[in-house]
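Below, subunit A partners subunit B and then partners subunit C, in two separate complexes.
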Partner chain A sequence: MSADPIPLLSVENLTIEIGGASVVDDVSFHVAPGRVMALVGESGCGKSLTSYAILGLLPDAAKRTGGRIRLHDLDLSALSEREFRKARGKDISIIFQEPSASLDPLTTVGSQIADAYRTHNKVSRAEAYDKARQMLADVGIPDPDRRLHQYPFELSGGMCQRIMISIALICSPRVLVADEPTTALDVTIQAQILDLMKKLVSERGTAIVLITHDMGVVADIADDVAVMYAGRVAEIAGVHSLFAKPCHPYTALLLASVPTLDDAPKSDLATIEGRVPTPDEFGEGCRFASRCPLVTDKCRIEQPPLFDCGDGHRSACWHIDRMPELMEAAA
Partner chain B sequence: MAQYVAQRLLQAIIAIFGVLTIVFVVMHLSGDPTLLLVPQDASAEMIAQLRSQLGFDRPIGVQYLDYLGGLAHLDFGDSIVQRVPALDIVLSRLPYTIQLAAGALVVAIGFGIPAGVLMATNRGGIIARILSAVVVTGQSVPTFLSGILLIFVFGVTLRWLPTSGSGDFASMIMPSIALGALSMSTFARMTRISIIDELGKDYVRAGRARGLSLSQVVARHVLRNASIPVITIAALEIGNLLAGAVIIETVFAWPGIGQLAIQSIQSRDFLVVQVIVLLISFVYVLTSVLADLVYVIVDPRIRLVR
Partner chain C sequence: MSDPNGPVLELKDVAVHFGGRGGLFASPGPVVKAVNGVDLTIGRGETVALVGESGCGKSTLSNTIVGLQAPVSGSIRVAGEEVVGADRRKLNDIRRHVQMIFQDPALSLDPRSTIGATVGEPLKVRGVAKGEALKQRVGELLTQVGLRAEHADRYPHQFSGGQRQRVVIARALALEPGLVICDEPVSALDVSVRAQILNLLVALQKRTGVSYLFVSHDLSVVRHICDRVVVMYLGRFVEMADRATFFANPKHPYTRALMSAVPQADPVVQRGKERYVLSGELPSPANIPSGCAFHTRCPLATEICSQVRPELTPRPDGALVACHHA
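After this line comes the complex of A and B, so read on.
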């Protein structure tokens, strides 16, 4: 990772269990103000659970069994539900994958934005609406006065995501968690929303935790990346370093599977053989062992820690030294 | 929206017309009403005379038009027993049934909806378990039995409440509970399911993510969303209460249209029965139209789109 200012959000050794299986295992990362940290991985790798844990909104079945989450010097993981409520929406906000479903269909968007402000600030309705109007202008919604009085079903998906961003940012939180914010949107709208997020980060110094499975989105907006596999961080690095020199076989194969314009037409896409182990199949060894081309006996027995491979770039693999041979085979 | 309302009203008119026709057909399918009115030893001539007097010897089409024409003037014929307009008899009893149905509705909604909310928000908790026992009881004990049990316990044994009759508030309590119990269970179950369904939606999580407590999200957003299916049920339940009154009024000697219906059936006063059947059917149609209009108020998607 590139040289860090003081981290704003620190996730330290986070472990989350569902029914005894550690679906998020020993995950650590830090985000500094004004930076974007991407958590990348396929469905079920624990990236969304990690994001809910940051907000203290884990589903009932999931339990945080270890680790800490700190916001600057505040230990979020030690807060009671009542105390946490004061931080939610004010210090840490989240936007979700399905913007239209995340809004109450029977309430005007203006009322929902104003409500978010009034939850944390003692102001009149009129003042809150003024603030909401200003917020809509900030997220690039034309004609905010009219939009305030519309219902979610009258707005497009992209428009709803801008509304969600207004709700998330109206109390000027220091951290924004974005859980697949563009997955449900058209590609052109996707780019607009990403641009908007970039602008907000630089203007306000908000730290963003971006959850995604889309390497394109990562390349576009992230400063740092943590690649997650089966609940563990496989590799964590600055975005340029990760794309230029992946140090974990999973990352390398993931990058190789992204089609490029140079690929011959109709050629087969590269895939990763096998499937992700289910939580009850997690053994003692590396969780990627069953699919890894570099696998040795050691991988099956002992879990690799995160090794430093220079410049803050770290990878949980016993065979970082054999990566060049894998890269050659992939190319 | 105007189109939506117009559509619903038109549907209601068609439904009412259908009801009128079905009632007419059923009355005639059940045989020649004249035979019900004459003594068993009446001669064929007497029967024929009465039949033509009542107009039952005319072609059925003519009788149907005559019937519709009468209805258009609110003429439902005279009670054969009391020789006064059947409608007047029914209307004189109606206030009692409205009073009873209103009491039952208060019981059903006043207990059923809060119970449903608690069962949904305290899932697995002790309160939810107790309430679900109450709801299952209300749902499974037949009305006539619960009525008699109530009379036995609170009227005869404890002597807290009058066993029958109408008049003061105290006399309303037991019949209202007995009549409302089944509806109460329906409201509780529908409210519970509807709220659980809403609680799983993304906007609930989003509401909590902006710092609202779960109960604030329920109060501000979930209840209103969950009310839509409950409104549908409410419309049906009001009709069911009127129909259920037939049994309860008999058990509690309550002088409403339910008791009147039983008496009229026993004395073969079929025109009075017809008025009661039509009245209950109209209430069903009317309440579903009202429910459709309430949707307009609750749901902007209906209000603004159509």
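After this line comes the complex of A and C, so read on.
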């Protein structure tokens, strides 16, 4: 974890329930200014719900039943919808996976960016457009004057994602939540967008919460990583520590199942047998127990807390001491 | 078929163009040259990867091979039989040798058919099996892909994404095709499931000798599963090499850019590696740049590149590369 003393965004013991099942259970993490916190996990692990909770955008069926979310000294979880609207876009912003689904097809991109600015700042249209032009240049769009007057359908997917980033950042929010921002893009464009995000973090000191399932993206851009499984944080650590010495069987197996350059071609990849349990199958114990090679009776009965494995690296597993045995078997 | 040891697929100078035709009142639009003169041979039991950005023509080429799209010129031979210009009956006969697997299994399965009916349909349509024999064959196919025979009565929504992709694979293998075109077969799946499906594809190939044309943008997956790699850019092949040569010594500047763009799942490697980020985006296939189509984004481009189109030429290590400078 980061050693920075003052976190900008703190998620503390966040619990979200849908129909009585805790789909996000006791999740805590902190992000300091200028740092990138990655939430990693497979579909259904609760990473997107966590990010929506930060933005106050939980769907109606989902209820936050516990925990707090704080932005510096502001308690986001205590805000009314009206107050939240003022914070959203100004203090905290989000970009989604599919830019073409998030942009208004009937409005020019310039007007969409300017609107975002004018919502939070009392300025003239002309001033807002100037600001938008500047923003387009900052996100690396060539010929911003022409682009301002174009519609989303006239732009490629990579361009649209840059527009989304412009809208999200035009009011200089302190926290940016990026929900799979490059998943829908080609790798060459993904590399450009990741470089852009790195540049923004270092220049503006924006804190980023990055939701992704791609371990390569995590390795590229994250400072800290929380690996989520079935609604809980399985492991949380600095990025180098996590990849070098995973302390949770799920993380280790997840990393082993990604084909690497050292594998023999067509060899068997490590797999995780079974599937993620559905919320009604969550038991008393560790939620990974049904798929874990290190499982014992204790795992099925008692939920492991996050144990410290040194340097702020924490793992929710009863058998951290048996990890070398698992790593050997996987190799 | 003609030669049991011959290639399963031979493409000669295949070109697929769209548009360009005017209507009653409309003037002719631009011709989109989606595929522009490609040659490719796939041998039995071989896996060839087709790599490139969206819009490069990969999907048009796959659709053309299965006969969903007609080429404007060139020859396509499947197991020795010419597809281009074949009549419907002949085409039907040829098609059983080529099957396809798509990216999203949820979209390729009929939600209202049991998976038994789905997997058995090609067998029924071709009159290969019926009644008890059909049921038994469906059971075998399901077992082969790691499901159970009794799953035949269930519906797609009762399965997870990985299991659904297994169903799709079982259906593709039902007629024992020589070639299966896999169009991004694992990119919609979770990482842990992805490995299961890749292992399955490899195991099935070892058992049945099927060939794969593996369309993907994920080079780490490609490196894992393929024997040979072809890189496509704006409708043409720019590099073709066997796996070892390709990954040890990529030559075309576009290939090198693609490789450098794929993030490695290791922060030390990923942050230490030499970056080779391409500027700009893929030009429109309706307006392909002159000379080498890549010259507008290429860091090595010189004057000749905008004037003369480089042909695929063999290199000492056996790779074919279309570049004036590589």
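The criterion applied here is as follows: the second predicted complex is superposed on the first by the 330 of 331 C-alpha atoms of A that agree within 3 Å, B and C clash if a C-alpha of one lies under 4 Å from a C-alpha of the other, contacts with A are read in each partner's own complex, and residues count from 1 in each chain.
Methods note: a contact is a pair of C-beta atoms (placed from the backbone, for glycine too) under 8 Å apart; a residue touches a chain by one contact, two chains touch by 3 or more.
None of these values were measured; they are calculated from a predicted model.
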Side-by-side fit of subunit B and subunit C on subunit A, or clash: fit
Touched partner set for A:153, first subunit B, second subunit C, both or neither: first
Superposed model, angle subtended at subunit A by subunit C and subunit B (C-alpha, nearest 10 degrees): 70
Partner chain(s) touched by A:49 [first = subunit B, second = subunit C, both, neither]: neither
Subunit B versus subunit C as contact partner of A:11, first or second or both or neither: neither
Touched partner set for A:201, first subunit B, second subunit C, both or neither: neither
Subunit B versus subunit C as contact partner of A:192, first or second or both or neither: second
Partner chain(s) touched by A:213 [first = subunit B, second = subunit C, both, neither]: second
Which superposed partner A:255 touches (first subunit B, second subunit C, both, neither): second
Partner touching more residues of subunit A, whether subunit B or subunit C: C
Least C-alpha distance (whole Å) that remains between subunit C and subunit B when both complexes are overlaid: 6
Interface residues of subunit A shared between complexes with subunit B and subunit C: none
Residue ranges of subunit A touching subunit B (in the complex, touch as defined): 55, 57, 85-90, 93-94, 96, 98, 101-107, 115-116, 119-120, 151, 153-154, 164, 167-168
Interfacial residue positions of subunit B with respect to subunit A in the complex: 201-203, 205-213, 220-221, 224-225, 298-301, 304-305
Partner subunit C, residues of subunit A touching it in the complex: 42-43, 156-159, 186-192, 194-195, 213-220, 222, 239-240, 243-244, 253-255, 257-261, 263, 265-272, 275
Subunit C - residues contacting subunit A, complex: 53-54, 160-162, 190-196, 198-199, 202, 217-221, 223-227, 243, 247, 257-258, 260-271, 275, 277-278, 281-282
